[in-house]
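Here's a structure for you.
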């Protein structure tokens, strides 16, 4: 496997154009409710990607938006909705009425999504678990198979390895080679980076390689696994990024109201996605004042560790 | 599972007396060639523990010393010897001649030790791997079982979960509750802490809880898993501790020469273990000058991250 | 994510507390001191805070996004990944590191919500049915994992006849299955399973066969009203009591952390 | 750990380099640019440095203690956990994170040593036999994993008749088993296996049936000497060559990092 030592920096438009064709399976929202790559999801919509398979434990409202925009053929996830406000109306319309198009649901639990990615990251065809025994998640998901343990003979579930075509992962900071530092709750992000065939890294900040290399224990996503690095400040809004901005709770509730009816959602989509050229346009629409209310009010720096000798 | 909020600080003597009876299975050397808990191993010898099962990927010379001291009935490991100097003579005498007592060897590879602990940490009876297929490690280790994958049908090896009675883990710093920060290569230390029934943590420094809590992503060993915390500076000598002291290569080579013959080893053991009361006595014998040559000459501090909001 | 919990209604009672507050207090009492708790979202977020402050100071909170907290977050949370829940945490990192403790059997109690529950405590939060139409719900999130792997679970639900049903149409999160020794027969740990269903009308518990019965009614709620709003013939405990009202101390903590009543719809 | 490699002897040659230096240079040439390399201990530690500096600047080094390095350590290493190998690393952390890349099939080449090797490249570093007595060796370390999971392996050995044997007494690290399609039949990836055995006398390679033959002899070594010191009837390549001597550039790097000749026993 060859690594490229030139810079991997691309614009979001270039990265999506180059690495996420229609029909791809895409892992997003890997860190759960923080670090959700909304900017990348919106670019997928603008570039009119079709027949995507979305993979993730939960996605907060990002998957609902992509489903409503008609980009999605299949969802392999544990949960799709609006974490603080309730259901995802686009998910309901797609699955109940086929609007704007039918979407196939392959239901997992959070842990079985995590284990499917962990299996791919470990390079084995499956991992065993006791979770989902007795459930219809197990009964209906073809990638979960009941079997007898070769050790001890007890009933277990085999979770088939899941290797997304591409993982789009938002992080706090990275160098131009894609060596990345992320912190806070990381959900399945680390295994996701190792499970996927390609990684598009989206970073709040691009820093000198020396900053990343000063703390290799935090470099859980090494650049050798990364195909493209996109510098996209505020690219995770309205989800939070620890140390950079908080969660824009109101935005989630506004979306909830404005996605209840199809027509209202189409207006929302035009306003926030189709009607802006890129993330800069989105941020302009969001406004500096609103961003100001979400910024860091009190820093809380980690204590350093010494790699000296 | 209850946690105790009082301090868990004990002396090494107290911790070994309380938590490691004869007959225990003990994980040590989990971080490979650094952070080896030599101080704890020497206390096991002084307290005359018998019939121990030693677990670890490799242990550098610590397992050889415990075997030579007659503490060990069984070794479940991937490698026992002297990393920079060669074989372990006490291992050879014990396995070839039963001197000072016979030791049963259950041979693993590094990765299968890691997976055995990872299985216990994950709470499943086994994990699958492709490693050891076709080897006599697989043929002779009863905890490695060939089977057919329930997904895809290929040949795989089931690595049985391995839960040590106690893991003795050396770290750079911890608070009195056992919330710990360790850095550098960590081998199987994180899974080891989660796989074991009890954890004895040995720390170079005891710090205020706020120092640890300032960086929860580095707290891979949370205090809720820890039974005892021992403050033992230089407790890993002659192995290195990143940011604290380097590897005392000469010590390993001296040991190599002085363990070649049984009688010489007995003298070595009296000099460095039985003839000193505790780690303070060992360090006094080692001398300030020798320690000075191993200390940090150039600090290399990690860049901070911001947990603020 | 464990959504589908009742949007606890803003029905102030004569006693000066809301139904949401009553449910939070009842949930808090399900947490014993020193226990490891899979906290979940919404009302249980507050219940954990109440328990920690009042009667379970040594409880540990586990969050499936990859967070463990011995000291609870200092602020109201909308999601478990809100920055106040990550700063100062005992651990932040991977979901698998937290879920593995659950699978080891270390987690004493987990809180769950759902769109439907049945008499054996099985939960549906995936595919519902309303007025003969299929309804797509958000899905399991971590609920199915907690239902399978925690020592015991506590369910929070709005009490409506179409939500408390004889048999759920889809088992997202297994309770006692079809009752009896179903859980151990299916491969789940013996002794695990739902401990209580806290509804907007009362508290249901389970007998040794895994069948639910009404253990207490909330203040001002009639037994007949509960039975009429349950989709199966609900048995009533011989020693049926009234769910204790939240104490002043409990209300104090709830209102300190949720002054706007976001989760409890305080009037 | 992959010990059991030859303590490369301090036999200075007429040409001004040691046998150890020759072997390091030969090992370095087995690393192609851009490859992911499981580096191992002793001579390969130096070989990786030579390759990175001279012909494989984009190679990546993986170390089973949980370290990955794009930029090699700036100093001589005695073990992979020496502080210079951890400071400034691309990644530090868990063994499993590194071994999982190996198991995924991402690692191009891994270096191995052993006490015994046989004609099919199977290695023994666990239970040996000398003068009719059982000898306990250190064991696999990571060698068995690398032998099973890397795309190809390179073995470094002292060339002695009791170490190059017809069939090893214990297979710690599988090579081509009994030859032919043994590896894929046993469940290992087709196309993987040993690429070369670099001994103190020459370089052995494998034909398509997985049987070793002598591909080159080191400067000053006679073919008959090699055959006589091999425990099976060793075939000799029709186009047998001489192992190229280390270049001045190769010697420069080796001596820069190991000025005392700790690993190469420079006279």
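To keep things simple, chains are lettered A, B, C and D as they appear, and every chain counts its residues starting from 1.
Quick note on the criterion: a contact is a pair of C-beta atoms (placed from the backbone, for glycine too) under 8 Å apart; a residue touches a chain by one contact, two chains touch by 3 or more.
No experiment lies behind these values; they were computed from the predicted model shown.
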Q. Greatest Cα-centroid separation from chain C: which chain?
A. D
Q: Write down the chain pair with more C-beta contact pairs when B-D is set against B-C.
A: B-D
Q: Mind checking the centre-to-centre distance between chain A and chain C? Centres are C-alpha means, answer in whole Å.
A: 28
Q: Quick one: report the Å distance separating chain A from chain D, using the average Cα coordinate of each chain.
A: 41
(Q) Where in chain C do residues touch at least two different other chains? (A) 67, 83, 86-88, 92-93, 96, 102-103, 149
**Q.** Touching two or more other chains - residue numbers and ranges from chain A
**A.** 123-124, 129-130, 154, 156, 183-184, 186, 214, 217, 240, 242-243, 246, 300, 307-309
Q.
Touching pairs of chains, all of them, please.
A. A-B, A-C, A-D, B-C, B-D
Q. In the complex of these two chains, what residues of chain B are touching chain C?
A. 1-5, 121-124, 179, 194, 213-214, 216-217, 219-220, 222-224, 307-309
**Q.** Parts of chain D lying in touch with chain A, wherever the complex brings them together
**A.** 33-36, 57-58, 60, 67-68, 70, 83-84, 86-93, 96-97, 100-106, 108, 149
Q) Across the complex, what residues on chain B touch chain A? A) 123-130, 145, 147, 149-152, 154, 156, 158, 160-161, 172, 181, 183-184, 186, 207, 211, 214-215, 217-218, 240, 242-244, 246, 296-309
Q. For chain A, which residues count as touching chain C in their complex?
A. 31-34, 57-58, 60, 77-81, 83-84, 86-88, 91-92, 95-96, 105, 107-112, 114-115, 118, 129-137, 154-156, 183-191, 239-240, 242-243, 246-247, 249, 300
Q: Flag every residue of chain C that touches chain A in the complex, lowest number first.
A: 1, 3, 7, 41, 63-67, 78-83, 85-88, 92-96, 99, 102-103, 126, 133-145, 147-149, 170-174, 177, 182-183, 186-189
